[in-house]
Amino acid sequence: MFKGKPIGKIAAGLGALIFLLGILAGCGGGTKSQEAPKQEGGSQKKVVKIAFIGPLTGPNATEGVGPRNTFELAVNQANKSGKLPFEIKFLAYDDASNPGTAASVAQKIVAEPDVVAASGHWNTACAEATIPIFKAAGIPMVIWGAIGPSLTKEENFPYITRVCPTSVQENIPLAAFVMDQLGRKKWALISSTSVYGKANTEAWQAEVKKRSGAEIVSLDEITDGSTDFRPILSKIKKLNVDGLYYGGNIMEAALIRSQMNELGMKDILMAGISGIVSPKFIEVAGQAAEGVVVTQPGKEPKKMPGGKEFIEEYQKAGYKEPYGAYGAYAYDAANIIITALKEAGTDRKALADKIGKIAYTGLLGTTSFDKTGQTTNSLSTIYVIQDGKFVDWDESKYKTGERKLPGAK
Amino acid sequence: MELIISQILNAVMLACTYTLVGIGFSLFFGAMDIVVFCLGDVAIAGAFAIMALSTVMGVYASLSGILPAPISGIIVVFIGACFTAGLVTLMYRAVIVPFEGKNINASLLSTIAAGIVIRELIGLFYPEGRNPHAFPQLLPAGLIGDNVLLSWRNIIIIAITFIMVMLLYWFVNRTKTGLSIQAISQNKEAAIMVGINWHRIIVITFLIGGFLLGIGGFLTASYFNSLRFDMGAMYGLKGFCVAVVGGLGSIYGAIVGGLLIAFVEVFVTAFIPGGTAYSSVAAFLIVVLFILFKPEGILGEKTVEKV
Amino acid sequence: MGNKIYRYSLAGLSTLGICMALYVCLSSALLVALIVIALAIVILSVGERKNVIDKVYRLIGDNKALNLGIIALFILLLPFLVQGNNYLLHIAIMAGIFSIVALGLNFQIGGIGQINFAPAAFYGMGAYTSAFLSVKMGLSPWLGTLCGLLMAIVLGVVVGFPALKARGYYLSLVTIALQIIFTLMIVNSPWIGGPNGIPGIPSYQIGGFSFRTPVALGGIQLPYQVNFLYLVYILLALFALAANRLYNSRVGLAWNAIEQDPIVAACQGINLTNTQLLAFCLGAAYAGIAGAIYGHYTSFIGVENFDFSQSLIFICMVILGGTDNVPGVVLGAVLLTMIDEKLRDFSGYRLLMYGIVLIIILIIRPKGLLPKRIRVYQQKDRSEYSSHSAVVTGGSR
Amino acid sequence: MLELKNVSTRYGQIPILMQVNIQVARGETVCILGANGAGKTTLLKTILGMVKPTAGEIYFNKQRIDSLPPHNIIAQGIAIVPEREGLFPKLTVENNLLMGGYYEQDPGNILARLAEVYQAFPWLPQRLKQKAGTLSGGERKMLGIARALLANPQLLLMDEPSLGLAPATINEVFNVITRIKRDKEITILLVEQNARKALLVAERGYVLQKGAVILEGPAAALQENEIVKKSYLAAGSF
């Protein structure tokens, strides 16, 4: 069976291999022990890490990259200011809008030593997936962009807080504007089947129910990534609605608007919430975008105290991408964490408590959290698209009557 | 009534977008007994090429400086379609030739993998490739008269699809090369025995099919007005479904199958309350039923299944 | 005899080497992991050319108890080796879970030679059933897992049924279609969370001890992942043994016969319906259990974890590791899971990597890292003749 | 005209032809006899370049052809009447015929040859638009012959023209072969199991057994040979 010679070779080979692997294993272990420089000596500040999670790739990457930049900007500014007793290291992670990925990433963040806080997610589903993980690890997470109402709960406070309004909060001013101010009563509703879309659908239905005379005559749910809405729109066209509400994301919204135009439905008002506020919407919808009404929580950064500086700094930092609809939220989320860090130190528990009690004034106005961790800040702006730009309603030609919204009598 | 007519029009338009890629599947299956799973991605890559020519690379802009807009549009689309033809031929060399005559599972997987590679490369290397893009409007968008149903673009899409199918029909049935393609698909050995250089014919088939796919990708992107790097996956899958329902290997089958699938999708959306979310489910169910009970498709001939 | 001890220790050494290599892959950076894998591939192909690999196989095969013991010890010690790093343990658990799914999928790909593009649907069926029952109905997770298994088998019949009528491209289209229908149905069903997924799935409990509580072993505080690690690997061991027995049994032979030619197989008296359905149902059962465990482990499941691209990843695992070879399939699953997690920082390149790996493997090593072995009928008293009584069932056509 | 020198081929590890030597002179009709699995079809495929010989040389008109691809070999003037299903079943009869003239550039020549073929097979002109798959077995065989003739070959290979046909049809087929031989000065290499018929039309013959030529000689001599008598002319074969 076995002659001496080959078996000797195998043995020699195996021996060499195991030796090599042993060295490699040693290296593997070695790098880990070298990784965290502890606070020895005054010259080296203690390093604390803050993690950012968002969709950096995948279908919603546009929504995640800007906030990543603003978040990084805030951290860099804080480090440069020299007022911190420690150095903050910024970690960016990609959830790719995928809850499974998000959960895995969260595991990774939790396992990383010296992570004291995280800020995460534009997608509600991703946040749903990671909240239990962060909570279990005792790491405070400030949500910068996910707007599903169910994310902030009393039992998760103060570990989970949120600086942006929920979809319910967002829909209130929009409904008041289009239904009460403009008097549009008969609505067609299209929403995406995503968590975000569902939450919007429910919020809008609730708003309609509150008002007598208002009604929803059609409801269609589409999957994200669909491209052909003509069958739905043809159906809606027959119903003579006053307005069409879309609760979902940019691309589908833009295609719906341009296909409405194509099917001769230009005279139907389209309304949507912050999920579709992006230059991409106008780029894709083109001419058809004119007259679409949207709402965006908060005021434009440039109108807020400190907003001009923020925009300047952002441009100076050389980011290619625009900071986007949620840039200001991520910026404030970062600053809330940093402020709390400054005051409470690096203990996770103390930090979480501090975040829960904070009253921070920044780009969004003054942010503080209620007992579920939800921001109490409810500033919002109605925009209308005019000549290829999102224009504040109060400054638009539509308000002055110079132009008329679609379907206006 | 108007509703039904407009929905029929929607379905016909949707069928147009499915037909060319379905024909691609049938053509390659006929010629090689092979299902090239990455065709959807190839077609979308062609659309990306056309978009790159007209936006990023500015070819369209510089052309329309010298030539009238429609002609420069045609040139750009033609270049894009040629690119697609080259790409699909490259696919043939890279992921089909190595598996010729082996287990079909290998070529099946390799073409699926090739589709992923194409998709991801676009996502990585096209500027902002992972974001959705607005497809440049190379086709006129105006309405015809006051009729809100018909726009120039829709007419042109239908016309181009029709012309492409006619050209293919003429080519396959009236030219020597076309007859050779048919000969190879029916009896490869006999085709070799009458002296057909089958390698050359296969490459020609791939070039022609690739050209059609490029046009198909262009029409689809124009119709939907948008382009995404991962659109190709679903597009290709629908194309395969269309080809199977119509009869894999039959060119006319792809048209019939395209119409059937498109009608099912549109009508489920339009006339079943709450059906919007289930339109794709319905389309795929139809396909499953066809495979189970009429695997030869609507127009395909009943033959012993090629495994 | 000295020679015997020599061979005994040699067998142990080679198993130890494999474990060490896997550990290095797990714990070090991407580059090191890739180097180790490249090294392993070089050793494999050189060894194959010189017929050393065959001898190593036999060496390991002759000292089964020792080698299984070493592997068991390795897994037992893993939490200590990684010093309780819960992320590394998480990777190890996922590797185990995916290995179970891949083993199940292998019954179809390796066994009857039909590519099933819906393993993620089986996996998801198990996960969703169990999660739904335990979250919404308050059923015990253990019972939920059992129900998940049963529901996955039902789905296995649904997917397996077309396999009786269609083969090749047609079957692949059917399974792709069913996979997509599965994901669409989940997204469109609000009562199972729709696109939200199901959060807050309870964990397993034994007599009041929740699997999600950290444990102190030998004076060291270890994260809760340890519980799941042991659970998953005990199951994996059982399933791998079962798969191995099956492979060497008449059923495995019948599957391979169907792979070669169903009509001839039927002429040999093989019941095509039962045998093929068995391949799908067993595969579904494996995937169903794995899915259920996954749900109870991560506490959250969403439809994104069970879609078509996940199916492709499972297929990649089987093809990479080696179809119809139990250690191969497990190796493929473990390696791909680890590389996948290491690539987390380059997540934009993940799918691209899968595509390229698949093409390269198909071209260079179409039979995978550890190709299918010659079937050996184990009859202890005739071990001398084992090489003669081997039945060659070559790979695919 | 055609010469095979020590040609050997194999499929994978299995040798099919072993050191085969065959010569065919211009204008000659040569038959190759052999049982099932003797390697007859492989021999023809080797000549056509569809199977590459592992050893040996093949010359056609003094030119070496064994490394050329099939279409180049066929273009030099070799045509084959294939065994059984050598047609394109979904093409019309007419298109099937035209595929035979694949290498003819001049439409005038094709028309002339079509006329010739129509004369030889008077039933053809009425069936031109019919799909080839709908023809009967005998008709298909005839169409195969007609197609090969359309190439106007110097060398005509025939692969078991009698296979699977009824006795009456076999007679018809061999009548056609005789007529072709008489009318057109064509060289024919005929591969057959039906030795009785084949030896009637052929001038010379080879006997192929398990891939090797075991006998060769004039047709008349072979007819008298004991081995041939025993193996190929036994009662029962026509």
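Residue numbering begins at 1 within each chain, and the chains themselves are lettered A, B, C and D in the order written.
In the analysis below, a residue touches a chain if its C-beta (ideal position, glycine included) is under 8 Å from a C-beta of that chain, and two chains touch if they have at least 3 such contacts.
Since this is a predicted model, take the numbers as computed values, not measurements.
Contacts with subunit B and subunit D are shared by no chain at all. Note: the chain lying farthest from subunit A is D, by mean C-alpha position.
Averaging the CA coordinates per chain and comparing them to the mean over all protein CA atoms picks out B as nearest. Separating the CA-averaged centres of subunit A and subunit B is a span of 36 Å.
Inter-chain spacing, taken between the CA centroids of subunit A and subunit D, is 75 Å. Computed centre separation for the pair subunit C/subunit D is 55 angstrom, with centres defined by C-alpha atoms.
Under the contact definition stated at the top, the residues of subunit A that touch 2 or more other chains are 57, 193, 221, 223. With touch defined as above, residues shared between interfaces to two or more other chains in subunit B number as follows: 123, 130, 277, 280.
Every pair of chains meeting the contact definition is listed here: A-B, A-C, B-C, B-D. Those residues of subunit A that touch subunit C in the complex are listed here as 2, 6-7, 9-11, 13-15, 17-18, 20-22, 24-25, 27-29, 31-32, 56-57, 94, 96, 98-101, 103-105, 107-108, 110-112, 124-125, 128-129, 131-133, 136, 148, 193-195, 198, 221, 223.
For subunit A in complex with subunit B, the residues that touch the partner chain are 57-59, 61-62, 193, 219-223, 225, 227-228, 230-232, 234-235, 237-238, 250-251, 254-255, 258-259, 262-264, 280, 283-284, 286. For subunit C in complex with subunit A, the touching residues are 3, 6-7, 10, 13-14, 16-17, 20-21, 23-24, 27-29, 32, 35-36, 39, 43, 52, 55-56, 59, 85-88, 90, 184, 187-188, 190, 194-197, 199-200, 212, 298-302, 304-305, 341, 344, 347-348. Within the complex formed with subunit D, the residues of subunit B that make contact are 176, 179-180, 182-183, 186-187, 189-199, 301. Within the complex formed with subunit C, the residues of subunit B that make contact are 29, 35, 94-95, 98-99, 102-106, 108-110, 112-117, 119-121, 123-124, 130, 233, 237, 240-241, 244, 248, 277-278, 280-281, 284-285, 287-288, 291-292, 295, 305-307.
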